[in-house]
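Structures follow.
Both complexes shown next keep chain A, but they swap its partner, so chain B is in the first and chain C is in the second.
For the complex of A and B:
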């Protein structure tokens, strides 16, 4: 794509689209830099409470990213992602508390549970699309929610399942474990970061392009030779994997598992985060999750009905910014950089304008 | 399956192909053979004759009630749509269908990489020089170089039709099924598209469903006439034009004139009354 003419002053000939790409790269870098340095800078401006919130935002972002992979890239709106979050969470808690696994085996067990669950339910669910798909995902998550609630000998039922944090590494007498809050933060940062890296690579590959093709036009995708069912299932399982990793991290973070995190209300929240942030963009869900969790944490202290504001934000987003906050930022940046372009690139900038306008229609 | 090296094996063959929808027989005992000879084969017939159903059966979108479909000698009856596409049968749809939110180039890119979609999950789609060459070649073949970066959703109707053909060509098929490619086009667009189809038919075997008789009789090397789910007649354009059965059943003419080609230029008499809103099958 970047076949810019090798001759001439390339710097001044950047199209608005290229400028936007640079802006997005800078924004992404700033986002990563913020999360990387939050435990160091946040105590300078506010209290340590916000480090925990930032860690939470990272985990929930990964959860929203799992919805985004399905909805934003594959065109399947799942309202049951909490099931895989819960599977990861209970996998860890049951692994530690009931089976007596160590840290890493329990982490692996949690992820395995979520993948297994996604494979079993997904193989049925992805035969459907649109509202049928949304409904069946809700139904699956409700079935397992009530199952977890009633099987209290294993899951702890209503009380949830608390556990003692096992050490990550042990060298003789020295133990390294997540009880060190800085270590815990960076453990979450690295795991979530790796997942986002994986998602980025996947989406850039022929596999990711095939998912977008299915989102755009599944009939045509099948006709060009894409195995739509297998691609949807693969997307569903990978999405379940991301949700499971988020759930497993959350179990370690809270040292317990609870059925309340498996309720479909949690799934719905992830859908909202993804849409408000911008479905179909890599970092959109991070933005959406961050903004809405900060609103929740700040506002819920002063106002019991803060969800009203969240509702208004969602309605405004869906009507005026279907591409979410990310789309809003992108079109604003395009508007700023577009008028100053070189006449040579006029045609291309018109195109960029069209693209920016497109979602608003 | 070393059938592809054998020139005597037809590209496509159907044997006693039947498709029923409840009480309706949409395809009735169709025995169709397309030899691999680089000729342009057209299928004509009135609405509801079963032409699109026939395409849907070949491309796997519908499963036949009975009968067999052979592609280069291989029995593909009951194969899934994507598997048939990967074997080398591409098609366009009656209602133009592309990936709207993606650029022209990406549309063709995705089709060119469809076979490998499940592989190389961590390698950037851009880093496949073979695909790049293929995409460039296809874009040139269909003549969309100047708008390669445009979003498909913003293209004119005629360009979308060309793009759809490009998508179908991207996987390097051996058989291309075109379902009313010029339906709803302006005369200028029609001319450009027809020229393209004639060019393509030299590179790949083409079966064309078309209602525009002027075009069909102008470009087709062979014509199959379908009516009520079955094949009514097959032959060269001049044979078809003078076939009394065809004239009675499909063209709706009695033997008034002297069996000459007089009917052919009068497109409005024999084409269907309303283009655009027709449903086949």
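For the complex of A and C:
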């Protein structure tokens, strides 16, 4: 995982860093176990409504992970990921409703649309960095948002485009489709799980190390022979792919697509989830997404203006925990296992220095 | 033809108001290196404050004086509370201002309400203008905006504070060495940025609707003006705002307003990719 044990001379059998790595592995395993068993354990403690919410958390986590791959690992802050989410979503909805594709072809079409879109826009966007990159990603997503609004005969505009769920498999008269909510949950779990596995493998590979090198210092990375442009583009396209898969799943989940999911506020939410959870860690975005969606679902029942709290959480995170919840948990654990030995917590408080770009390991 | 003319004039006047707001965005970006996603909401807060003041005192001109002052104060407070603690972390500032945008919108929704409202113009009636009856207040708004723009540039180039702001933007370390209170200049700049947006809000309030979502629509347009004019190029920003709004006004006469917006965005992308320093780069300091 990204939480791999640090290299370096082992002073004792278990250095504080190793203990932290073990803690992180246990936490990650617990998280996976929870998502794997949610449809079984959630009905025991609460109602079925929360199974749907858990499924939503998984899909949005994947979306936040797409921001994280670009920002947390490549050092590019995209504020336009909703475009690829929307491409995946509309690929599925248009595929089913307008072209008449079956389940799997529509799924593939949605993913293809998002990759294609990421390739075209990304080849231009990754020429820019920092502010300019953030701005151009918003601009691209806004262009396609407005295009989708004008082409309401195809996209349904603001009202959205609803469709009938096609069956996944058909054996004679028996049809297997996502109308079975348990099947739907596990379908989402497996697809999201595969994407996270892919992300984990990629980040552990030389490709992932190259991305981190670019994040830390793109000039130096170029000098040691990394093709910075191609690496950034690859990261952008993979990130668009993740967003597209999330969008395609969301289309199947909601049985519709809507332009409102392509607006830049949706991109902003993904950025917030990733950063509140902890950019640059594999499961940080899952944590951020989970916490903020639970706040939304639970608090909005009692308080119409719960968004005020979300805004405050965002600002407090940025000021006091720029490495997000994962950073906060890690520094707390380090304090417990090694009260005196805490280089990480010093780095934590050094705001001006770190720009929250380092992973929170 | 009358319609084209009316829409073109509408666009021009709207552009002058946008120029005020976009200048606020531009000085915040140029000096503090912050992409302010809450800037549209600063404008929206201006329209809402104007609505509240007119509602309780029935005096638009009082609002015209008070709203920018409240904007300045709010800007200073926000800069101290939110921007100072994250200074230097450019990426985080985008996220922080996104959070700020949520807070401002939700506060207005809770107090002002979710339904859009209208503010009656303080100057009523129409005047004949090249064969059409044109709303008088819009012309007044144009004149006010031009005066404010002139005052802003005069302040920036003639007043000591304005010179300091330009000096800090140019080289903060040398400015500090020369005794300019750099930290205070940062606060003042952010405050003026908010004040400009609020001023734009109060001028625009009788023309548009007062709505807690108004900032969401106006923010992209301000960014387009800032980028096309050139980041940190203030004259360029003002010129771009007026030109773009005029162009969008003319396009709107022939096509859907959304098409006009797409055209602006495409133009902006081209500028970002080909001439990121803006189309007017080299023309001004």
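Observations on the model:
Keep in mind that, in the parts below, the second predicted complex is superposed on the first by the 326 of 361 C-alpha atoms of A that agree within 3 Å, B and C clash if a C-alpha of one lies under 4 Å from a C-alpha of the other, contacts with A are read in each partner's own complex, and residues count from 1 in each chain.
As a working rule, a residue touches a chain if its C-beta (ideal position, glycine included) is under 8 Å from a C-beta of that chain, and two chains touch if they have at least 3 such contacts.
What you see is a predicted model; the values in this text were computed from it and never measured.
Superimposing the complexes on chain A yields a three-chain arrangement in which chain B and chain C fit side by side. Once chain A of one complex is fitted onto chain A of the other, the partner contacts of A:318 are limited to chain C, with no touch recorded for chain B. In the superposition on chain A, A:106 contacts neither chain B nor chain C. Legend: residue contacts after superposition of the two complexes on their common chain; A:69 is shown touching neither chain B nor chain C. With both structures placed on the common chain, the touch criterion links A:228 to chain B but leaves chain C unconnected. The partner that reaches more residues of chain A, of the two candidates chain B and chain C, is C. When the two structures are aligned on the shared chain, A:92 is found in touch with neither chain B nor chain C.
Of the two partner chains, chain C is the only one that A:265 touches; chain B does not reach it.
By the touch criterion defined above, A:216 reaches chain B but does not reach chain C. In the superposed model, A:206 lies in contact with chain B only, and not with chain C.
Here the smallest spacing between CA atoms of chain B and those of chain C, following superposition, is 14 Å. Note: residues 351, 354-355 of chain A belong to the chain B contact set and to the chain C contact set alike, using the contact criterion stated above. Every residue of chain B that touches chain A in the complex is listed here, in rising order: 59, 61, 80-83, 85-86, 90-91, 93, 97-102, 106, 109-111, 113-126, 128, 149-151, 153-154, 167-168, 170-171. Of all the residues in chain A, the ones that touch chain C in their complex are 71, 77, 79, 124, 127-128, 130-132, 134-136, 138-140, 142-143, 146-147, 149-150, 264-265, 268, 271-272, 275, 304-305, 307-308, 310-315, 318-319, 322, 351-352, 354-357.
Residues of chain C touching chain A in their complex: 29, 33, 35, 37, 82, 85-92, 94-96, 98-103, 105-107, 109-110, 216, 220, 223-224, 227, 231, 256, 258-259, 261-262, 265-266, 268-269, 272-273, 276.
Residues 1, 198, 201-202, 204-210, 212-213, 216-217, 219-228, 230-231, 234, 348, 351, 354-355, 358 of chain A are the ones that touch chain B when the two sit in their complex.
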